[in-house]
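Okay, so chain A shows up in both of these, paired with chain B first and chain C after.
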Partner chain A sequence: MAVAQDHVPSDARSTSPFWTVARRDSLAGFLFIAPQLIGVIVFVLVPLGLVFWYSLHEWNVLANTFTYTGSENYRMLLSDPSIVRVLGATAIFSVGLVIFNLSLALLLAVLLNQRLPGITVFRTLFFSPVVVSLVAWTIVWGFLLQKNGGINGMLLVFGMEGPNWLREETTAMISVIVVQVFKNVGLNMILFLAALQGVPKELYEAARIDGAPPFKQFRRITLPLISPTILLTSIITIVGSLQVFAQIAVLTQGGPGLSTTVLVYYLYQQAFQFHFFGYGSTLSILLFVIVAVLTFAQWQMRKRIVFYES
Partner chain B sequence: MTHKRTLTSAMTALAVVVPLAWGGASHAQEAINLRMTIWSANEAHLTLFNEIAAGFKEDNPDVTVTYESLPFDTYTTALTTQIAGGNAPDMAWIFETSAYDFVASGALHPLTDTLTATEGYNLDEVNGTATERWSQDGALYAYPFSTSPFGMFVNNDVIKASGAKTPAELIAAGEWTWENAIATAATVGKAGKAGLIIRDFKYQMWQNLASVWNGWGASPWGEDGKTCTFAEQPMIDALSFIHEAAFQQKAMPGPGEDVDFFAGNAAMTITQISRASLLPKDNPFDWDLVPLPKGPAGEYALIGQAGVGVLAGSKNAETAAKFIAYMTNPENSAKLSQFFPSARKSLLNAEILKKTNPLLSQEQIDRVVIAGIEAGKVIPGHTGFAQIQQTVRAGLDSIWRPDADIPAATQAICGQIGRMLQR
Partner chain C sequence: MKAELSARMKVTLYGLLCVLLIPFVFPTWWMVTSSFKPISDIFAFPPQLLPQRYDWTTYSKVFELQPFVQQYWNSAYIAAVVTIGTMIISSMAGYAFARIRFPFANTMFMIVLLGLLIPSEVTIVPLFQMFLQAGLVNTHWPLILVPMFGAPSIFATFVMRQFFVTLPVELEEAARVDGLGRFKIFVRIALPLAKPALASVAIFTFLHSWNLFLEPIVFLSSAEKFTLPQALTQYTDAYGGPMWNIQLAAATLTALPVLIVFIIAQKQFVEGLAHTGLKG
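After this line comes the complex of A and B, so read on.
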């Protein structure tokens, strides 16, 4: 730096240079984050702003009209007779998915957290659906879940007549949840597995010496120490559950009735099938608010449910 | 001096290059590329379309037409997304169910002037029923290039094996009614194969049920399109008949059961005649094509349509309209009718249809194709049809179970779509 200052003309030395060390560091910092920042601005913030702008308009694509309607779409949202059922279906799907996914992922992680020969084969087996194409996975499940499909065929071998999985309201929702859980449980399982392997073994040894049974060890040692991962996986799973689309589109198309019409699918119908792009944008804003509130709430709850934060 | 010479050389070069560049630019402006979105990716279809495009290019060397195949199931969604994204095609195929939306919204360029001005086009020979939903205020906005009647394909092998009467026998005895058709289907159902399949219905595409309920004189809404008639007695009777056939008599595969007629697994299927191409060539079965059975309201026919129109926003709308006029002129309509039956009277004769549909017998062409196109009602459609379709689909879901309350369900449907019908 001193060398650089030697080259500054003597008449400029009296005023402080523009490129101070702090400014240069700031510029370097901004340049480093620029690619990410530009991506976020172009692909997240600008579309978000546009969606809000569209939500204040009635956009008829076919007639090529774009009319400012103010809060009309928001008023329509409040009086939409279907929205309560849609939000109900979304809540049932999200709660069911989170409970089933996290429980199964944790169970699998605990079972697979053993030093046994060939255990990596099982880990790979349970993780493999994560890398399978979502639509292909769902189509195959669609065949299996038909009334005369593979699952009912297997049940028939044991003398049981299976339900019409995708055509009855209760079983349709359960089917969609199960298909989604089996698709993604491997990801949460791997995260839990990594967390479990990070728990110090000495704690279990000490607990055993103190006479703590296995379940107590799990509740008092394992759960608290993997709580940051539980928070992470629950946030990822809840946000993911609110974005479910392909499974609904392929398996049930929102039916029977509106029983599996979750918010994203309803949004798709309104915007892309019924051509109500303005109202579809309003539903997008609603989805954004729900995701933001849930994530914020979970983050605020971390002090209660997370034992420590690294 | 050197500078002066350089300047002179540069000016001379510019004087030569600029007019050339301008000429090149103006030539490029004359080249017109037209794009048509279609829902077929069939190789034989595309070969014929490209042949027609090449024929047009002979007279219009600056015009190039390309076809973009979009997936059938999501065709209209993909098309409107292209329009919303500012990437609208110049021309597009349009489903009969979406016709009202496209015509009423002003999304299409009027075709009447171009078609009537085209020498030898003879638009008058296309009957008014065929063009009704593609017109507004006397102007035609899309040309119905495909007018395909619904018929019933029959697997005589499966029916004979069950001991039931075949449709041909029932027709010969003057007993081809819905009661007897379902009795045959139920007998086949009890023998282990599927009875009757209403193709593509799958307990979701309810508009295909018009192939049955038209026999009861039922319709989802009144002639004016403003009044819901779902809850009226003819519709309740027709839906009760279908319900009983599916759930009590087991004459139709139930919801969630996927059976393919063309694989030889069912006695009968209702579909458009263009599906004859799906009949198995290896290991064929003894098949027949018969008209739809007579219902309590008498004999009837149903047709499906596909239209082709020019998007009003196209920069080359006039040229695109000329291409539509060429593509659907009598000569090219005759070529197209091997895949897409034409509504032109001159092409509605057994001799021509036999040439273009070699799989069908003379009798089948007379009874199903010609009679169907001449007398058939078009499958239901309405402005805002996609929303109405989904709302009715959700409402009808409560019917497709053994313990259904059909009058209550249809009443609820009318309550839900009443406001939509007013648009």
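After this line comes the complex of A and C, so read on.
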């Protein structure tokens, strides 16, 4: 009996030792994701916790003050006379950007989806600004948009007098949107193009036989079938638009007035130009909440507007 | 929609495409040509599509006014380190999330994905404070570590996971029967098959690092530490106004090499981006 009992575990050990295939796999899994997981915790989640903690403090770096003030910064946020204009500028920028970007991307994708000789050359050229250094692209547009710059020069050749694009409120906002759209619309264009090429051609043939005009085919076949891509690109574009910084810093510095001061730029000014780290952190929390709510809302919308998922 | 187009339709289409192309191509043309113009011709009317007179000194001034070679190297090596680091980190994590069953895998995947909602703009204040405490402000570490572990690399992990999910399991099972461990299966079998996904991860990551602007201006303060985007904005006269032709020469030097690589490899570039992870 005793011998047999002694035997069983040693036998089990030899056929299934501690490092079973499953255990080895678990260890491998942990080790494989460890760099990413630890990195996310150290460089993303801990800072997010800290930014919330900071937002409860009055913290002026220059005066070296760090005092707990509870919700004081949030009250300050609600009574900040600039914040309404900043959020307004952010909303106009994001909405304008998404509408202009997605409709231009879709238009270009439809045009490039035709069987024409040399169409890939056009594709390459429309995509090229994506790989041009962002600040280089912004600088040359800033140069073109000067009062006596290239664009107004061209307009004057045709007898038109252009505005001082970057120094008037409306045209400054239009300018930063347009510069950003031409820079990055190629990405969405390529995603739409791939989606269009995935639509089964038989559907169009069937529609043609039924006598559906091209516009109706587009609305009833193309749009529903590429709706997952529309959702994906709109999420990427909206979240990206909330992060816009270099273009504002180079083109308008948030001006004239506060007309192009979007939230990230305002946050940067408060924290790193005026050294209000506490209030800057409160603005960071606001930015985080906006990004999270928008992403969540769009994800929920998937159920309503997306007809088809691959 | 793919019916044969009539000749008239074709001409209309080509015309439309050419007009739409202007704002995409003209700025680059204007950047390159204006960089050769003397400052007196920079705002000449009517606009000179080709320089009437050439001023070759703009390019030598780019290097005289700032340590431009050093700054170029800074941008290049930071982008290279971030790109290679992200490819390693994200392919390993993406593979594990797609293929390996281990406890809490889903929870950990959700934790990692949560990071996608938190761009570095949100956490820039505590990040600055953390790197200040560690004595790493005005070094390149923040520019390397933050993208390599933050939202850009999480996005890369997501892309890699989506790719590995679609890979047939049979290939790996055969290797397991032959007694290969996980790491060897990953390196010898899964990774070589993942080249298209890795290529698009590399492109995204490189461009992100190459374009980084907020982080450099927050973390760096001395000219020899600057990266290119930040350096480009420094070509200003005594009144803070831009020295346009020199700035455009520096911009040309920054933009052209990447643009040339892109045009040579455009097929892999564009199709890589279109046909990997992002679609899933």
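Here, the second predicted complex is superposed on the first by the 281 of 310 C-alpha atoms of A that agree within 3 Å, B and C clash if a C-alpha of one lies under 4 Å from a C-alpha of the other, contacts with A are read in each partner's own complex, and residues count from 1 in each chain.
Here is the rule we go by: a residue touches a chain if its C-beta (ideal position, glycine included) is under 8 Å from a C-beta of that chain, and two chains touch if they have at least 3 such contacts.
Fair warning: this is a prediction, and the values are worked out from it, not measured in the lab.
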item: Touched partner set for A:Asn164, first chain B, second chain C, both or neither; value: first
item: Which of chain B and chain C A:Gln298 touches, first, second, both or neither; value: neither
item: Touching partner for A:Asn148 - first (chain B), second (chain C), both, neither; value: both
item: Chain B versus chain C as contact partner of A:Phe277, first or second or both or neither; value: both
item: A:Ala194 touches, of chain B and chain C: first, second, both or neither?; value: second
item: Contacts of A:Gly255 with chain B and chain C, given as first, second, both or neither; value: first
item: Partner contacting more residues of chain A (chain B vs chain C); value: C
item: Touching partner for A:Leu134 - first (chain B), second (chain C), both, neither; value: second
item: Contacts of A:Gln269 with chain B and chain C, given as first, second, both or neither; value: first
item: First, second, both or neither for A:Thr69, with chain B first and chain C second; value: neither
item: Overlap of chain C and chain B interfaces on chain A (superposed complexes); value: 146, 148-149, 272, 277
item: In the complex with chain C, residue positions of chain A that touch it; value: 22, 24-30, 32-33, 35-37, 39-48, 50-51, 54, 108, 110-111, 113-116, 120, 122-137, 139-144, 146, 148-150, 153-154, 156-157, 178, 182, 186-187, 190-191, 193-195, 198, 201, 204, 208, 214, 217-218, 222, 229, 232, 239, 242-243, 245-246, 249-250, 264, 267-268, 271-272, 277, 280-281, 284-285, 287-288, 291-292, 295, 310
item: Chain B to chain A touching residues, read off their complex; value: 76-77, 80-81, 83-84, 101-102, 105-107, 203-204, 254-258, 312-313, 384, 386-387, 390, 393-395, 397-398, 400-401, 416
item: Complex contacts: residues of chain A adjacent to chain B; value: 59-64, 81, 146-149, 164-168, 253-258, 261, 269, 272-275, 277
item: Residues of chain C that touch chain A when the two form their complex; value: 1-5, 10, 13-14, 16-17, 20-21, 23-25, 27-28, 30-31, 34, 43, 45-47, 88-90, 92-93, 95-97, 100-103, 105, 108, 111-112, 114-115, 117-119, 121-130, 145-146, 148-151, 153-154, 157, 181-183, 186, 207, 210-211, 213-214, 217-218, 228-230, 232-233, 242, 244, 247-248, 251-252, 254-255, 258-259, 262-263, 266-267, 269-270, 273-275, 278-280
